[in-house]
């Protein structure tokens, strides 16, 4: 869906406004309808707060209907029957459209177990998770009682809505829904930023394949030109940064042993805060290194 | 073969001395014969130096015969036909008796390529290498000329002999044929050695499976009770030490994020000096770590 | 002297232009005169390059006259007789107007020794030096021959001129005559930037008193709101940064020994590149710290 | 006093035993008398425990007499009148015989204040303190009540006694009355222990002069041949280790800036546990360093 400016939305007819924002909350245009009269909004944060307030003030049966309006995660049947464009993009982005048959079957069992216990689908803001952390989230939530899960579902729905709104609406202010992962390599042997180091970011998976999700070369300041992840939430999960340090020193003629004591350096860490800023620098010499969580 | 004391060897008959040391150099008792008259030896280093001098002074055709007395690496045919007990133990220790059919075939091709170029078998002191580094050694040596390779073979044969002598002969002095790999975990959050951390040492393999070759728990001094590798050469190759740091802080009630920023910390490094001392310590907090090659 | 915009200087009469820039090179308005016809200048770098080119192309006797137009460093007699406003400000900024009698006497002996050997005054761009490094510069240059020193003097005169021009002329571009010294404190115990740490920057002196030249408190990002030195050259010399780490952990209730293992942490380093960027961070826990030259 | 073996003391007459140990507790031979009949002692720890038990079981008036048998700290009058050889040596070792007139006067005021409040002298095991920490100890204890101070005095007296016993009696076991301060310099630029680095240990003083109390050169293992402090308690106080790192890299031809970014590196820390092991290593490159409290 193409982006719209907040000023256009403020100026639009009520129908136009609701048409534009009808799927911010899945299949639930009534939320947009209820805030239309509160226009103009000074910023997208104010707009989102208004929509969230509608959800929180809604009668329990309406909130339950909102929950039930959501599809199952990774359901082939529902995908075949048609999802909202938003749901479709979110699930594909998380790779849920490319599961093996066994994985689809596991998802289906999980969905069914959850649905048969609570009477509504398992909902999670998939863009804030890796596959491993979705599984862990599911296992932690299944033992809860229905009231807790209804509340948790609403929280996740609001997170989904905030991300949809962030993508759709152009405003002077931004919703705080993005994290950032960056690195920096400092060469303590040469006494300067380490330029030209190949860096890979790998998303680790307990189940299935780990996969490289970003590649970069450090610039003259020892940084990558772009954050390794930016402009979106950081999916909760385990990661490994890999730095080609052996090649770096070899190319600069620094004497090392053969094979070099340090070659590819892996830094393994977890992300727990999708909206946080993670700076994971590497300080190197041919025979030592350090890292720390910076900011 | 059971160990013998140097004083017993000094006191033995010439026949007894040659019988004991006849296979220190593979199928070549003439080397022991030539040093028998130089007894008594003050130590095992003096004994080894005498045997090595015999090899170095030997006529070229004798040296070639010594080289040719060695078996191929990982040859099923020769293993079936019978190796010296020493060769058999060395090749088994390096896992060369447990190769897949494809690996045996690859070895056979390599041996044949080498033998057809030089007219003698490819010899390497296998206890100083991992499988990866044997392959690299082979690839580096194959382009050499025959004279260079004859000399390299004698060097490797002397290394093999030194290790056999070290295992066989008990003396007040020791041959410098052993390396040592150790670690030490310091908890810079708690300000003390990190006790109770599970450590794994993995031998990394470019081809085939990486495998855990040592496991330990750090003691009250943050060290392992035994070196991770000791009492033998450190096989040239790439390794990874893995430390269960997340569990350590969890058990001590130190607040961390969920999942913890650091959980299992991998330190990846190479060993290039089989007789060296490698100390690879880890300094940790819940959000940072350092390592360096110590001594 | 009040600042002038480059566009005003471009539009000024020749006399106005020369009046404004006459003392950029000490008592030497002929340099400004020679570049006046080359106006308009696109930027201050172009203006400076033009003036410098005039100096470099000048006949040897003119260059010598330029050198001789400079005062002695820290001469009470010359100060009493009157310096240019620029020289006066530069010498005062370096504390050369507040020397003890013994120091004045030492300066006078040095000036006389230099002048009697070379026939012209010892010139150095004082804003790029501490007192210690001026002394070292003097001792290194005194053994030179006259040709070398004439060339060195011109270099220093151009540095002085660049700094005067930078202060006088407002332009879209800037001359690269400023350095920057900054710090950053990261708390690896708490896993976040260390806010609220008192920092002192001390200029160390081999002779005379060391003195505190900047004080700051780290902000929420663990940095100081302003660089410790910025907007001017970093004087070559030795420095110490002092961080009140003991108080920081005490106020946060982190258990430490009594007295705490670490209290005030001194980082001692030298600046050799007045136009460089020096970032000297501190990574701390209650029982460990690290620093490095960053960028 | 010359050392005696425990076996000789076990075999001695009662008079001989008491004569030897009569001043372990200042002017209080009755303590040695009471344990003489418990001989033989298996070790010096058992002997000390027996003597300490006598003190702890003694009637309050006897304990008070023991306290009052001690001299004032740094009293010129009492020194002139004669101290036990042990007291004299302890006070001299701590430099209390070399105070300025002002310092003597300050000590006298302190002693008098304490004595007039409690009726007995201020007692501290001076070998476990620097002058700064004695002052702090005094200031902390003066506000206490008499009962608390009587108990604290007995503790200090037992510490003094343990140190005297440790010096006097040779036994297979040792009393745990010694600490150790050591260092280790690792060159992370060269990838090996840093040999040949000059190290100074300075005892810092808030009042009066800081003073160098140990000097050493690092050996091939990057350590000092002897601990910086060993074989005695580590005086509670603040210290600075100074390492000549600039010279080290200069002599090895490592390119650095001029002046070098790092030259003399100071590590400032406090000792709080006189019987502890403090290992304060330094990891260096020409542009970075780290330290931590090791063990």
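For the reader, a short list of remarks on this structure follows.
Should a chain be cited, it is by its letter among A, B, C and D, assigned in written order, with residues numbered from 1 in that chain.
Going forward, a residue touches a chain if its C-beta (ideal position, glycine included) is under 8 Å from a C-beta of that chain, and two chains touch if they have at least 3 such contacts.
Just so it is clear, the model here is predicted, and its values are computed rather than measured.
Here the chain-to-chain distance from chain B to chain D, counted in touching steps, is 1.
Across the two candidate interfaces, A-D and C-D, the one carrying more C-beta contacts is C-D. In this entry, chain A maps onto chain B through a rotation of 180 degrees when their C-alpha atoms are superposed, rounded to the nearest 5.
Both chain B and chain C derive from one sequence, and where they touch, over half of the residue numbers involved are common to the two copies. With respect to chain A, maximal separation of chain centres occurs for D (centres as means of Cα atoms). Centre-to-centre separation between chain C and chain D, using Cα means, comes to 47 Å. With each centre defined as the average position of its C-alpha atoms, the distance from chain A to chain D rounds to 59 Å. For chain D, residues touching at least two other chains, in rising order: 188, 191, 261, 283, 285, 287-288, 290, 292-293. By the touch rule above, chain C contacts chain B in their complex via residues 188-189, 191, 261, 283, 285-288, 290. The touching residues of chain A, when paired with chain C in their complex, are 186, 188, 191-193, 221-222, 283, 290, 292-295. Taken together, the chain A residues at the contact with chain B in this complex read 133, 236-238, 257-266, 268-270, 272-273, 285, 287-293.
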